[in-house]
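Consider the two complexes below, in which chain A is the common component and chain B and chain C are the respective partners.
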Partner chain A sequence: MAELARPTGGGLAVYGRLVSAGVRGRVYRPGWLLVRTIGSGLIILADGFAVALVVDRFGTLAGWSAPEVVLLVALSAAGQGLGLLLGDRLEPTYFSELVRRGTFDQVLVRPTSPLAWLIATQVEARYVGRLLAGVGMVAWAADRSGVVWSGGHLLVALLALVCCATLVLSICVLGAALTFATVEGSEVVNIFIYGGVTLTGYPVQIYGSVLRFLFVWVVPFALAVYVPALVLLGRTGPPGLPAALIWVSPVATAGFTGLAALGWRHGLRHYVGTGS
Partner chain B sequence: MRAYLALVSAGFRRQAAYRLALVSGLLTNLFFGVVRTSLFLALYQARPEAAVNGLDYQDALTYVWMIQALFGVIWVSWIWEFPESVRSGDFVTELTRPGDPWLRQLAYELGRTGQLLVFRSTLPLLGAALVLPLALPTTVPGALATVASMLLAVVVSFEVRYLFGLAAFWTADFRAPFSIAFPLLWLVGGFTIPVDYFPGPVRAAAEASPLSAMVMAPIHVAIGWPAWPVLAGQAAWVVVLGLVSRGGLALACRRMVVHGG
Partner chain C sequence: MTPAVPGSRPDPDAGQRERARPDPRRRGAGIEVAGLRKEFRTRHGRVAAVAGIEFRVAPGEFVGYAGPNGAGKSTTVKMMSGVLVPSAGTVVVDGLVPWRERRRLARRMGVVFGQRTQLWWDLPLVDSLDLVRHLYHMEEPTWRRRLDELASLLGLGPLLSQPVRALSLGQRMRAELAAAVLPGPRVLFLDEPTIGLDVEAKAAVRGFLRHLNAADGTTIILTTHDLDDITQLCSRLIIIDHGRIVYDGTIDDLHTAYGSTRMLVVDLADPTAALTTGPDWAGAQVVRAEGHRRWIRFARDQISAAQLVALVLDRHQVIDLSIVEPDIEDVIRRIYRGEAPPATDG
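Let's turn to the complex of A and B:
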């Protein structure tokens, strides 16, 4: 680790080396890592299969066919995979461990940004499985629902993936910031990480106004996934949430990320350790 | 016997200490319950009267909230405590205590899940029943059968988790086998959609598996399936899985090496 601590003109290169050290530390049993990578992808395929099955059994869900709904599930799953690849270890269940044991105090004295250090050293390689399974499912669903892969559509899909991943990572950061105050981890953050992604897997018009408002304008998962899916499928969208809002998606995501960054800075500034 | 009852009560009291976890668990149940209710209301909107594969929309809503009631007691939050204790070596002290280690653990877990059944499972069910047309039992025998079926599901869940926990005797990365089996459990167990919607052969396979005793059985009893055959099937799985998990423990103890000084 001595070479890592050397404050040479590294910048990003330091973080690159931290990521590689962290990942290498976790692959000491490559067989089991592979199993867990496959497992993290399978769970998404199981979800997609169940959704396809149930929508198919009933014909449509709010006018959406089974492959069209699977496209929503797949986009949000891929985004979640990418987000958790970077942010999983910031979830309160893990992060409270660092705070309680005082390990986080050591992070603070390192010559790096604490948040960047946490993310870089704790990359969870197994979520690559979820990302890949999600992308594969996007390809299947897009094919079945007649999406034409023009350059613009590829960009829109990429936008959805990046926005969704950014939101998941931002929620993880907010959860960690909250843990500075609560010390004990709280499951409530999972409502937004897993619940937000579950909710985004279905067309937004099935929800009541409260849930809709929450997930369009507060934690903008609907703008990040649902609206790009409307564009891909050539749909106009329900009243109040037209496909034209695609231009708002990156802005809303950036806004939420900014809030998460402020929350983290506030938490860090008031962090006093747990004593002993 | 009195020792085991003391363990049940100790488990109950321990679980009662986690108030914050109870509140956040209830919020999680509420959130997922509302999302799944929206889904099934939208699905049944096109044909409100018709039953799909034997489930009408009241049955489907009952399924949604029964799953929320069961989730906390089936996939318990302390799922990794047993394998962790094997890895750290603490489990050895369990073997030196009087009585049967498997039964002691079951008794303690029944206490913990009992607390959750009383405080976490009832609230979402009763709350949902106030505002939605759930198909919950309205007679005393029906209600008792549902509670009995939930208790049997808890025991089956303990045995299934025990089998996965035993992996810790063979590998330090005991979560890996679970992570690959979990998607199958999730789907075939009926956590995400009712097993009743599956195509014929898959449905038959799912209903013949122990997972049905853990997830769908209490739901079927709640929506008014004849209770005795379902309860008998669950009891049979309790016995079979009990024998298998105890056999696994015996095997593990024989190959166990205690490190340290």
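Let's turn to the complex of A and C:
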């Protein structure tokens, strides 16, 4: 018999197949998936609607009109949708289950990157609903705020989406890394994923200095979403956080992602699994 | 231990030439374990699950790895397969350090953790096996040939189109084995592969493993509580307890070391006859008598079954007789209880 497995090769295509297999497994009940997809989108639309109503009641929020605030909500919702599409199953409640049941041991004997394996095999297709609803809402809010789309604008919106999604995914990865040590699930991560994204839906200047510092320089959601929104809306931004900082957005996001990657590697090295 | 020779394996024509000239001996991986320790932090401080073990496995060996619950079996296997990083000591599998070269080793290694699945639960079995093809970068014709071979060996034909969740436990275990050995691993780690299976399914799994070891020369490490697995399959047995190796050798040697005895059961024509023993009985003794039946215990290194039977037939009229082999469970229980093998002077 030949050496059947070739020592190298393949690459990204393998992960594509894993995604497809994972999604096909879930599409086993297509009706249920459709309902959950629509549900995940509706939640975001309801959020945007509520924010629009409240802000509209008071005219403006820190100088931002209702559609302008909705643009923030929409960008962060779309980013969260994309991030959770990839990272939802890394969330400690699920991931601790994988560790406890020994499923993760099984992942580690595969000839792939364990993290890429986890992300690829567990894509949560229903978050497509949130991503699409978010993108739709961005289009509506931009239109109402008088944004005239240019190639540059599209790029900035895409940057915000990708940066926000990357931050959400990175938080999920950090949460999973934390689970290596605790084995138990923990809610701490949800505070950042959901709380962080909700806070990102409002203009940063309404927050006190501590929270602001946290969201600009620690978990840089403000840089990922708020600053690009400034650029889209043609605003200059508050002191200390001008629109000109747009180039820092990808850098800060990459920095946070690097941190998450280090955390994951550290966790993996100290992985002890469970009993047998 | 064969060191990994760079350039000796990747060979574009290997597929063609191999078919013409199969050489089972080059398949298996060697394993070297030295001073291996793994400590876990618990509420009661640091606990050594594996407390310094050594062994070598030659390519193509079929080794049973046994021990009571919590002895350190799974921990050892996880260190050999790259899942866990040892606290101290070294492991080399097929020339690779598992936790440092995890992915490279994964390409040459098959793992079946009993009661866990590596298959896609909601997809037809063949889809999972097709994913294995891509994960291990197998050529389509090679994969097809191997799949056909495994399907017939393991009787998977009619199951390929069924979703994995619809398979019975026995069917699923055969499917797991197929997925694990499809890429032609050099070493196979098995954790309780027959647990929960009925007699027929156990026989199918054992038959396949025997074939794999003999035909492909695959090195197999089998962790199990089922001692029948070990006596039927393994040429060598390693027993671990409290994180230390308490026995490493053949099953025959184990019986000899622990002085385990065989039993000759004879039915005498005359139920009142007393079995006459003499100096030529070499330690054999009647341990029980009931009606026609007599039980005679004897040690294999002192008198052979043939000699003993001849002695009995010589003096008595016998209706029936049988020989009961020693119970390996009994020996292993004695090991777990911490009994040292009796001293043997020559």
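FYI, the second predicted complex is superposed on the first by the 267 of 276 C-alpha atoms of A that agree within 3 Å, B and C clash if a C-alpha of one lies under 4 Å from a C-alpha of the other, contacts with A are read in each partner's own complex, and residues count from 1 in each chain.
Keep in mind that, in the parts below, a contact is a pair of C-beta atoms (placed from the backbone, for glycine too) under 8 Å apart; a residue touches a chain by one contact, two chains touch by 3 or more.
Quick caveat, the model's predicted, so the values are computed rather than measured.
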item: Partner chain(s) touched by A:E187 [first = chain B, second = chain C, both, neither]; value: first
item: First (chain B), second (chain C), both or neither touched by A:L211; value: first
item: Partner chain(s) touched by A:V54 [first = chain B, second = chain C, both, neither]; value: first
item: Touching partner for A:V162 - first (chain B), second (chain C), both, neither; value: neither
item: Touching partner for A:A62 - first (chain B), second (chain C), both, neither; value: first
item: Partner chain in contact with A:I38 - chain B first, chain C second, else both or neither; value: first
item: Partner chain(s) touched by A:T198 [first = chain B, second = chain C, both, neither]; value: first
item: In the complex, chain B residues that touch chain A; value: 20-21, 24-25, 27-28, 31-32, 34-35, 38-39, 41-44, 46-47, 52-53, 171-173, 175-177, 179-184, 186-187, 192-193, 197-199
item: Residue ranges of chain A touching chain C (in the complex, touch as defined); value: 1-10, 13-14, 17-18, 21-22, 24-26, 28, 101-103, 105-106, 108-113, 269-273, 275-276
item: Residues of chain A touching chain B in the complex; value: 29, 32-33, 35-36, 38-40, 42-43, 45-47, 49-51, 53-55, 57-62, 126, 182, 184, 186-188, 190-191, 195, 198-199, 202, 206-208, 211
item: Chain A partner contacts - residues on chain C that touch it in the complex; value: 9-11, 14-15, 18-19, 22, 27, 40, 69, 73-74, 78, 81-85, 102-104, 106-109, 111, 113, 116-118, 120-123, 127-128, 131, 134-139, 142-143, 146, 163, 182-185, 191, 216
